[in-house]
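Each of the next two complexes has chain A plus one other chain: chain B in the first, chain C in the second.
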Partner chain A sequence: MNDNGSIVAMEKISKWFGGTKALDEVSLAIPSGRIIGLLGANGAGKSTLLRTIIGLYLPDEGRATTFGTVARDLGPRELARIGYVHQEGELFNWMTVGQLIRYVSAYYPNWNEDLERRYITDFEINIGARVGSLSPGERQKVAILIAIGFKPQLLILDEPASALDPIARARFLDLLLELIQTANRTIVISSHILSDVEKVIDHAVIMDHGRIICDRSFDDLREQYHRIRLTGLHGPLPVQLPFAGVLDCRRNGTEALLTVRDQTPQCIEDQARAIDCEAEIQSLPLEDIYRVVVNEK
Partner chain B sequence: MLLQIDHHSGQPIYRQVIDQIRRQVVAGQLREGEQLPSVRDLAGQLRVNPMTISKVYSLLEMEGLLERRRGVGLFVVALRKDKAGQTKADMLEEALTKAVVTAVQLDIPEDEARDMLAQLYQKYNSKMRRPSHE
Partner chain C sequence: MRILVANLRHLYQRRGLWLVYVVLAFLGLFLVERALSAPNHGGGLFGGFLVCSFLWGLLVAALQMEAASKTFSFCLPDHREAVRRLVFLVGLVVSLAFLLISVALLVSPSSPGPFERAITPGGLLVLVLGSFFCASAAAYLLGAHVVFSVIYGGSVLGLATSVVVLCIMFDVLETIQYPILHWPVGVIALAVAFGLASWWWLGRPAWFRRSCDRPWIGFFDPWDRSQIHQRYRALFATRFTRNVPPELDRFFQRVIATRRLSSPARYAWGALYTTCVLVVPQWRGPLMLALAVVTFAGYFPAAAPMVMGFLPLMTVGFFQSPIGTALLVAGGRKERFFATATLILGFSMVWVLLFGVLVGLTHLLAPLVPAVTLGGDTLNLHAISFKVVLIPLALVPVVGLVQTLFCRKPVWLALSIMLVTAIMMTSSTPLGLYQAVTPALAVVGTVLSWGICMSLLYRIAMYSDLARQ
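Coming up: the complex of A and B.
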C-alpha cells in the first residue's frame, strides 16, 4: 500500500492506440473497502483503464501503481490478490466447466470451496458442460466464479453482468455486496446497466473520451442534482423563475419541471414559497445523473 | 428493527435508512437503551454497502439519537423531551404541508380541511375511538 492508503494510484496516465488517445492524463486513487462504479459510453476508456490497473496495458505516460507496485513490475504476488472478469470471457473451450474450475483453483492455495459450491448451486452452473458450448451468459457466470473463488482483495469487473438475465444479475449484485462485507476488499465494476450498479456502488467514476469527468462519492453525486416539479399554489407560474443552477427547464403556464445542480432542498423550497409555488423535489436516478454530467462537461 | 430500502425512489439509501431509524426512535418502536445491529449485520440484512451503514450510524450519533459504547456497540439514547417533541413536530409538519398544498391547489376551504382532519383523527386514533360492535 502506498502513503494515502490507496490500493490503486494513477497519476496522469495517458495511453495511445495508434492515433487514438484512449486515456488522456487520467488520475485516480482507489481506497480499499469500496465498490466503485466506472461509467461511460462505449470507447470512453473504461476497459483500458481497468487493464492498466492490472498491468495488461502499460501506460505511455504517467505512473500507475497497484498494491504499491508499478504496473510494469506487477508479479504473481500482486496478481494473486486481483480477480478480473473481462468482456471477452476467454476461457479454455475444450475443458468442461468442472475441469476449468479445478484447473484454475489449483493455482490458488486459498481457493474457497464453500463459496464455489454455493455459487454453482445459486447460479445453476452445469459443471459437466463443455466450456465451448456455453451461452454467453453461462460463460460469464463461470468467468465470475473463477475470478472470485480465491477471494481476491481487488476485484475488477469489466461489464460483468451484461449477458446475465435479470434474476442472475440480481443474484450477482447480492454476491458483490456479500463479498464487500469482508473488510478491505475492493471492487471496481464497469457497466452500462446503470440501474443495476446504482444499488451497490458507493463511489462513481465517470469517463468520457479518455478522461475522468467525475470522481466522487455516489451519495454526494446524488445530492448534487435535484429535479423540481413546480406547481402554482394560486394560479399560473410567474414568467421568471428564481432558481439558480438550472440545467434544464420545461414548463407551461401552470407547471414546470426543472433540473438543478448544487441547490439545497431547503433553499429550493424557500424560493418556491416566495413565488407562491409548491416545489416537489426528487433525486435523479443514476442514468439521468450520468447524462447530465456528460452533457455538462 | 424492520427497515426497507427502495432502490427506485432516487433518494440516497443512507437517507432512507436514517429517516426510518429516526422515525422508529421518536415513535418509541426502538426503545431507549436498545442495541442496534452491527454495521456488518445490518448491511448484510439490507443488502447494502457497509459504508452506507457506517455513515448512517455516525450521522445518527452526531444527531444525538444513538450513542456508541466503546467495544460494545451502538445504543438508542434517551431522548430529551423537548428534542423528541421537536422531531415529532418536524415530521408532522412535513406531512401536513403536503396535505395543505394539495388542499390549496384544489381550492378546498380551510374549515372543510379541518373537518376532514378531525374525521381522520376519529378514524385512526384508537384512544378516541369508542368501543363498538360494528
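Coming up: the complex of A and C.
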C-alpha cells in the first residue's frame, strides 16, 4: 500500500508502555474500501495500533493521521465518521440498552434506525435490560450496534466477535459484508478467530512483537502459499522431491504433504508429473498462513 | 503435596499477607498493652485475646474463601474437607497460642491478673483456662462465619480495625471476658456446641456449592481491574434497578441531537445526561445523608467544614470522567475536556444549592428548635456559617481530577480520596482555622483549586493516553 488516498497513514510509529515497546516503528497506510484483518498474538500490539489510529493513544515517536488529520487532533467531524468496538466492551453499565442506544444515536445525525431495528431483531437484543447485567456476548452485540448504527466510513473492530456464539458470529460477518458493499467504506478488524476473519477480509496485516511483519492483500498471500498432497502413481515417492520453497514436508512411503511458498500451481503440477506423482494443490487457510508467516520471521 | 499443606501455604506464600500480619499484630499488641496497663493489671486480657482470635478468624476465612470462590476449586478432590480442617486447625493453634501467652503473662509476678478474683475458691484455674481456650476458639469461628456469610474479603481489614476501635471506645474487653471467669462451664458447653455446629455447617456440600463462583473481592483483588469491573457490573445489575423518568431521557436526547456536531455543548449535555441516569434514581440516599450531616453540623458547628466536606467527596462514586471513557462517541479530546469540566461544575452547583438550602434552614430553625440534653450535655442547634457552602466548589474539582487520574486504578483512587480526607481533617478541624477563613480567602482557595485542577485535566485530556492498557 502507499500513502496516496489513504484514510489512515502511520509513519514509523513507536509506542512504549513502561519498559515494553508496544509498537516498534510501525508504518501503515489504509486505503478506503477495504476490509483489513489485523492479526497477531496476544501482546503483539494490535489494540495499541487501533487506539493510535483513533487518537486514544498518543505515539511516542512517528506520526499518525486519520482522514488527513493528526490522530491526536481528531475532532467531532472526523470522529463522526469512525465506529469503534472496544476490546473490553466498556459501556455505561448503569444505563438500559435502550437508553444507551438512544444516547449514542443522538450524537450522529445520520443514525440509521432501520439498521438499528433490524439488528436488534436479528441479534435478539433486549433493549430493556440493564447494560451491567448483560452477558459478555450480549455486551458485544450492543457494542457492535452502537459502532455501526451510523454506518461509519471507517469501522474499527477490536476483537468484536470473541464472545459471540457461532450463529451470532455468522450474522455479524454477513453484516460486515453488507456494510462493505457501500463504496469507500473501510473496516479494520482484529480477531483471533481467523477462520471467521478469512471469510471477509481482502487484506491482511500481521503483527508480531509490535512490528508489522506482513502487509499484503489476502489474495496475494493465498497465491504465495500452497499445500500439496503428493501421491506416487506407481510406487513410493523419490527420496529427493524436486520442489523449491518447501516450508514443511511430511511423508510416508507413497504420500507426502508439503507446504510451499512462491510456487505457481502450474509449476507444481509440472514438477509432480516429472517424478511420476499426482499433486493435489490447495491454498492455505489463513490460520496456517499466519503460522507460516510468523515462523518465517 | 497434601491439600491441607497446600492450603496452609496460603498463609505465608503471599508476600502481601505479611503486611496484613503486621497490622493484626499491631492491633493485638495494642489490645494486650491496653489490658495490662489497665488499673487492675490484666483486667481485660482474656477479652483482648478473644478479639484477636476473632480477627484471626476473619483473616483465615477470607483466605479460604478466596480459594473456595474460584470455580476450579469446586471439583478439586477432597478440597472441601481441607477447607474445614484448615479453618479448625488454625483456630485451635491460635487459641492454644493465646492460652499459653495468657498463662505466661498472668502467672508472672509483675502481672497479677483477673484470676485473683476468679479463682478464689481454688482449683478453678484449669477450668477458667479451659473456658478461655474454648471461648477463644469460638470467637475465631465467629470471625470465620462473618467472612463466610456476610462480607467481601477486601473489607476484612476495615472490619478488624473497626472492631478494635469499638472495643477500645466502649471499653468492653472486661465485659466480654466476664462469662469466662464467672460461668466457665457454661462457656465451655456453648463453645463446644458452636464448634460442632460449625464443623457440620462447613462440611455441607451446599455450603461449597453456594461459595463456588460467589462474587468475592479478595485481599489483593482491588489491584485487579477486571475483578473490580466484574463486581461493578454485578452491582449495577442488582442495585441500579430504577430508571430516570422517560421525559428526562427525551429532554437530554433532544438537546444533544439539536446541538451542532462540533459544538462542545453537545458533549457537555451528553456527560450531564449519562450522569443524571446514574444519579437521579439514587437521589434519596445522598439527600438523607446530607440532611443528617447538616443536622450534625448544626449541633457541632466546629465540625461543620469537616463533615460537610465528606459529602462532596462522595461525588467520586457517581463521577464518570468523560476524559477517560473508552466508549467512542464523536467527541475529540477538547470535547472530552469540556464535558468533564461541565460535569465538575454541575456537581459543584448541585452541592452548593443543596448545602445552601440546608444551611439556610439551620438559620431559620436555630431559634425555634429546643435544646437537647444528651449524656448530661446540652446541645443547641446553631445556624451554620454560609462559608461552608463554598466547600463543594473547592473540593469537587479535586474529586474530578482524582477520578480522571485513577478511574481504572481503584486502589489508587481510594488512597487518593483518603489522602484528601486526611488533609481536609487536619486543616479544618482546628477550631480557630475555620473561623479565620474570610470570604476573600475562601474565594481565593476556590479559584486556586479550579485553576490547578482544570489545567491538570486539560493537560491529561490533550497530552496523554485516554485509554489504559
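Points worth noting:
What we mean here is this: the second predicted complex is superposed on the first by the 294 of 297 C-alpha atoms of A that agree within 3 Å, B and C clash if a C-alpha of one lies under 4 Å from a C-alpha of the other, contacts with A are read in each partner's own complex, and residues count from 1 in each chain.
Basically, contacts are C-beta pairs under 8 Å (C-beta built on N, C-alpha and C of every residue); 3 or more make two chains touch, one makes a residue touch a chain.
Values in this document were obtained by computation on a predicted structure and should not be read as measured data.
Aligning the two structures on chain A places chain B and chain C side by side, free of any clash. In the superposed pair of complexes, A:H234 makes contact with chain B only, with no contact to chain C.
Within the superposed three-chain model, A:D73 lies in touch with chain C and out of touch with chain B [touch as defined at top]. Once the two complexes are laid over each other on the shared chain, residue contacts for A:E178 go to chain B alone; chain C is not touched. Contact with neither chain B nor chain C is seen for A:D165 once the two complexes are overlaid on the shared chain. Taking chain A as the reference, the larger set of touched residues comes from C, when chain B and chain C are compared. In the superposition on chain A, contact of A:Y103 is made with chain C only, not with chain B. Chain centres taken from Cα atoms put the angle at chain A, between chain B and chain C, at 150 degrees to the nearest 10. When the two structures are aligned on the shared chain, A:E287 is found in touch with neither chain B nor chain C. Nearest C-alpha atoms belonging to chain B and chain C sit 27 Å apart in the superposition, given in whole angstrom. Counting contacts by the rule stated earlier, no residue of chain A appears in both its interface with chain B and its interface with chain C. Those residues of chain A whose C-beta lies close enough to touch chain C in the complex are 17, 22, 51, 54-58, 72-80, 82-84, 86, 88, 90-96, 99, 102-104, 106-109, 130-133, 146-147.
Looking at the complex, you find that chain A touches chain B at residues 33-35, 174, 177-178, 180-181, 198-202, 218-219, 222-223, 231-234, 278, 282-285.
Chain contact summary for the complex, chain C toward chain A: residues 229, 232-238, 240-241, 243, 249, 252-254, 256-257, 261-262, 266, 270, 273-274, 277-278, 320, 325-335, 462-467, 469. Note for the complex: chain B touches chain A at residues 7-12, 14, 40, 43-44, 47-52, 55, 101, 104-105.
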